[in-house]
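Please find the structures below.
You will see chain A twice below: alongside chain B first, and alongside chain C after that.
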Partner chain A sequence: MSQKSEYIQTETGNKVSRKSLIIGSQNIILGGKTIIQADCCIRGDLRRLVPQGQNAAAVAIAVGRYCFLSKSCLLRPPSKTYRGQFSYYPMKLGDHVFVGEGSVVEAAVIGSYVNIGKNCVIGKFSIIKDCVRIEDGTVIAPNSVIPSFSSVEGHPGIVVEELPETAAEMLERELNHQ
Partner chain B sequence: MGPKRSGASSASSAPLPPLSIDPTAVLSDAISFSGTYPVTIGANSVLHPRCKLNSTEGPIVIGSNCIISERTQLIAPDIDGLVLGNYVHVEVNCHIQAARIGDATSIEVGTKLGKGSCIGDNCTLSPLSTIRDVDVLPAFTVVYGENQRRVDASATAVARNETMLAHIDCLKKLIPNKSEKYTR
Partner chain C sequence: MSSFPYIHISCPCHEDRPQTLTIDSARPISPSKSPSKRDFNFSPIAPNSPTKGRSLLAGFTPSVSFDAGNLNLDSDDEEELTDEDDDNNFDPRDPRSAFSLFPIENLLYCEDCHQIRCPRCVQDEIVCWYCPSCLFEVPSSTVKSDGNRCTRNCYLCPVCTALLAVVPVHHSSGHSSSDHPTGPFNLFCSHCHWTTSDLTPPIQLEKPTSISAQLSKLTHSPRDNEFIRLKQHYAQQLGNAQEDFTNSPAALTRLMGLYTGLGSGSGGHGGSRKGRGVKKLEMKEVDRPREVSEDQELDIIERMAVEGLEASKCIVALATHGRKKADGYGKATTAKQRLAQPHDPRFLSDLTPTAVLLRTKRSKRCRACRHILVKPEAKVQTTRFRIRLVALNYIPSLTIKRLDSSITWDNLTPHKTHRFLLTVTNPLFDPISVSLLTPRRTPGTAFASRVTILCPEFDVGANTDVWDDALMSTKPASAVPSGVKTPPTTGSFTSFSKDPKMSTVYEQKRNYTSVVIEVVPPEIPDTRDTRIRDERLLEIPIYVRVEFEAEVDRDDEEGGGGKPSHSGASGGAVQRERVEYSYWCVVGVGRVGDVVEGVVASEPNTPVRTPVGTPVKAPRTPAAMRTPLRQVRS
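Right after this comes the complex of A and B.
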């Protein structure tokens, strides 16, 4: 599937395209077996700011195992003002997460078995639970919570359908066919 | 405004346009400048990596306290150029060919502004919205959903600008400033 020269393979089996843009890699954790395609951008430099004297929070973006980040998608930690201090906050992706081409993800938490389509916008601090499918071109509002086993569509994204109990296997299969 | 220097932009080896960058502005690595008309960047503004400024058709002026995010393209539509006001926040993946963007306007992810469009002060454009060519948006307009519009009556403009300043302070701590790279 992938050309040997285009991808760099890490010890834990992650394949990262040489054409991707990974900023602040010291603040990014990849769980293993994750594929990052060309022009993908991951903003690990936007990490949490802590008051002086405390240890700096090390992780900005944590990605689970078997994730697939398609061409030109973007992972960007969310930011807000909390107790008078403006800061970026860490972002966590579960296992078996697929992010489609050109999607922009600023979620706080994404569960496992989540399939995000092409050109989606996942708003700041949104929480997506396990087994969710997000159709192409969906815009999820900031701070929203998407329950498990739902299919989301539209602008703004709303739950249009409930997924069957076999959703985890189904979404995993879809990911393997990409 | 420094002399042109080739090879400063990682994207191309073409000479940079004449730049006038305020010393308090923060320009990150790998910003691509193209064109020959001058580009002005105001005080305290932050440009994320991989944003593109194209001044082939006219000059670009960015006001003070602006944030331009990565992968956003600012393209001057004509000889009158593209003017961004103060406190403008442009999010990721935007394609902007507007003539003017007013003060304290938020342009969210993936917005497309048509050639020569004019956006008023204190407007909010929700993600993936599209503004047609030469369209004019009055002040305090909110564009949402499938290109629906309403008037923002929340009177939160002052609070928003304070948040913008806090956001810029935060980015200044996180993003290394490479502006001298472009001005040498």
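Right after this comes the complex of A and C.
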């Protein structure tokens, strides 16, 4: 029964492990029914710098519904120096996103029905569209764009296969079987 | 291959030859051996079955008939007989099989042919071209004129294939907050840190935009001129012919005639063609040999010699100073890098950025009836489909799980009885009856495993939504599928389960039913020969046969039946019709491991006696748990 008390359930049905590390939770949005496992780290504190006087951009990380963040994965908003100023930029995850154990995500946008394997690195500002599978150990180079219906593998990750029309069902089922 | 377990379905396009199947083991197990053992002869003759069946798999409709003669055999002879007949089963090891086996996710379904369609039996048509990096659509006219690569700013690193970014050559130190970075610029790979400045001579761009135009000026090589010349030549040749090479048979004949026509000049057989109305067409090849500049070749040889010298130095350095990395020949390109570039570069410094290859969105047609099976929405960034007839929505799918979590998929123990849970999920809105047949011994190998499906006949509920389900539960049980099939009254096929006592359904939920399958792998020696033939791979062919009653709109008999729904009443007289179809699938269970001491060959089946009509869970502790294996480990 220790398993039960490990998770805190939010009003919208998110289950967050007490052993996870969530920093700057006021800048994080969880869509609902999302599971965050132990030793997961979400850096909501790394948010966009805004000039003084303006309202601060509130959201650093937005996560959709039915997502699953496995043990020891890290979500860190991407950063760069633009016009001489270093800043973090927001990160957005869609619905039904699975992030495997030990993966590091610094993407700008991840669509829905995306399955990221174990020990992957999703480079800064990369954009991953809907219905994509990223195999274990893949390194997605910064600024990459991965189009829909792709299976990606390697260092750097390249599209090795086109997923069939049933990709959404397939990836959703894979997520549920985790 | 894919990791275990996997289930692949054989597309009916595999069945282009008549065949007789003999299936024997998929029957309720009988504790007393002899009389219930039967052979079933499947013949490809048009079904004369008592059920007014509309065949869904027209090309392959085995009508099942009892071979009465086999009933009287005594058990000894039978064993021999069944072994001989193994050849008639679907053999996953047959080299032909590989071409027709696909996971259900990759299969489509033609409502007009009532057949599964695999990637081999559909025809792709391009809906649009787009760049997978900038996600802009490229008009097909542009693809024709400019080629199949992105002409915007998308370039890949020639060393590691990651996307290149445009960065200023001189990094302005953070102090000066100049609004616009100033040139020159180069393309930079943020994965391996290669830049266009590494090239000899370095490529630097004036503007951060319209990269293609700038690059084409800078990297123009003699080969590009050669290509342009060739393209012009052949365009002219085709232009002279004034032919449109469409997909018609006549055009194809002309196209084939192009080269034979050329041969006729030297007195070939081409002369005979003249009278047949095929327009003779002379195609002149460019006969100029590729020009090789001696200076260039010498230069390359010299550079390679220098590289070789450096390499030998590195090896010496490695030996004497214990350097961590020998980067001899490190400046030469790999075969992969070389092949990705049109100009055959031998050194890293000769590589140029490669423009991103375009991708396509495609619709798919049934090759047999030309109906569209898949039609994606034309907008590049949407994943929706206008038409999407996927097999997942039409045919029941199988999944397999371990009943005993101590089983490791890729190390099955010889002689041990492994129990798995086979689950059939029904996507249809009508309840279905399922029969699973499997050869007693896995075919196509000298090291056959013994396979038994404990309950090969059962019902699977309709794919109603949860709301319907709630309504159902208040109704009397007649609407809910009964757990165990009652002894059948109609259909020769179903008369097969005579002993319903032995049929146990392990689990039954809304639209899926699970049954137990027992597998006893044999001892397989680890020799070179067995390794070559991958004898330790354990694949079980299962013949899935489905029957259901569907509401059919009589006015539209041809089109309506594929996916019958509750809302079938559309004017015409609605009737219930019996529909049956079947397919082979292959379950990749795992790989057989080495013999474990203490596990000896035993009776494979541990029949479970259950009262009639009560779905009962199979025992949680299979007999195998009590074998000496467990004692050895504990």
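Heads up, the rule we're going with is that the second predicted complex is superposed on the first by the 176 of 178 C-alpha atoms of A that agree within 3 Å, B and C clash if a C-alpha of one lies under 4 Å from a C-alpha of the other, contacts with A are read in each partner's own complex, and residues count from 1 in each chain.
Keep this in mind: a contact is a pair of C-beta atoms (placed from the backbone, for glycine too) under 8 Å apart; a residue touches a chain by one contact, two chains touch by 3 or more.
As the structure is a prediction and not an experimental result, all values here were calculated from the model.
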With the two structures laid over each other on chain A, which partner does A:Val139 touch: chain B (first), chain C (second), both, or neither?
both
Where does A:Val105 make contact in the superposed view: on chain B (first), on chain C (second), on both, or on neither?
neither
Once the shared chain is lined up, is A:Cys131 touching chain B (first), chain C (second), both, or neither of them?
second
Once the structures are superposed on A, label A:Leu93 by its partner contacts, choosing first (chain B), second (chain C), both or neither.
neither
Of the two partner chains, chain B (first) and chain C (second), which one does A:Thr81 touch, if any: first, second, both, or neither?
both
Is A:Pro156 in contact with chain B, with chain C, with both, or with neither (first, second, both, neither)?
both
Partner chain(s) touched by A:Ala168 [first = chain B, second = chain C, both, neither]:
second
Touching A:Ser148, do we find chain B (first), chain C (second), both, or neither?
second
May I ask you to decide whether A:Cys41 touches chain B, chain C, both, or neither, giving the answer as first, second, both or neither?
first
Of all the chain A residues, which ones make contact with chain B and with chain C?
81, 85, 123, 139, 155-156
What residues of chain C sit close enough to touch chain A in their complex?
105-106, 108, 130, 132-135, 160-163, 165, 172, 174-179, 189-192, 359, 374, 376, 381, 383, 385, 388, 390, 392
The chain A residues in contact with chain B across the complex are 21, 23, 41, 43, 45-47, 49, 74, 76, 79, 81, 85-88, 102, 104, 119, 121, 123, 137, 139, 155-156
So in the complex, the part of chain B that touches chain A is made up of which residues?
49-50, 70-71, 92-93, 108-110, 126-128, 145-146, 163, 166-167, 169-170, 173-175
List the residues on chain A that touch chain C in their complex, please.
81, 83-85, 123, 129-131, 139, 141-150, 155-156, 158-159, 164-170
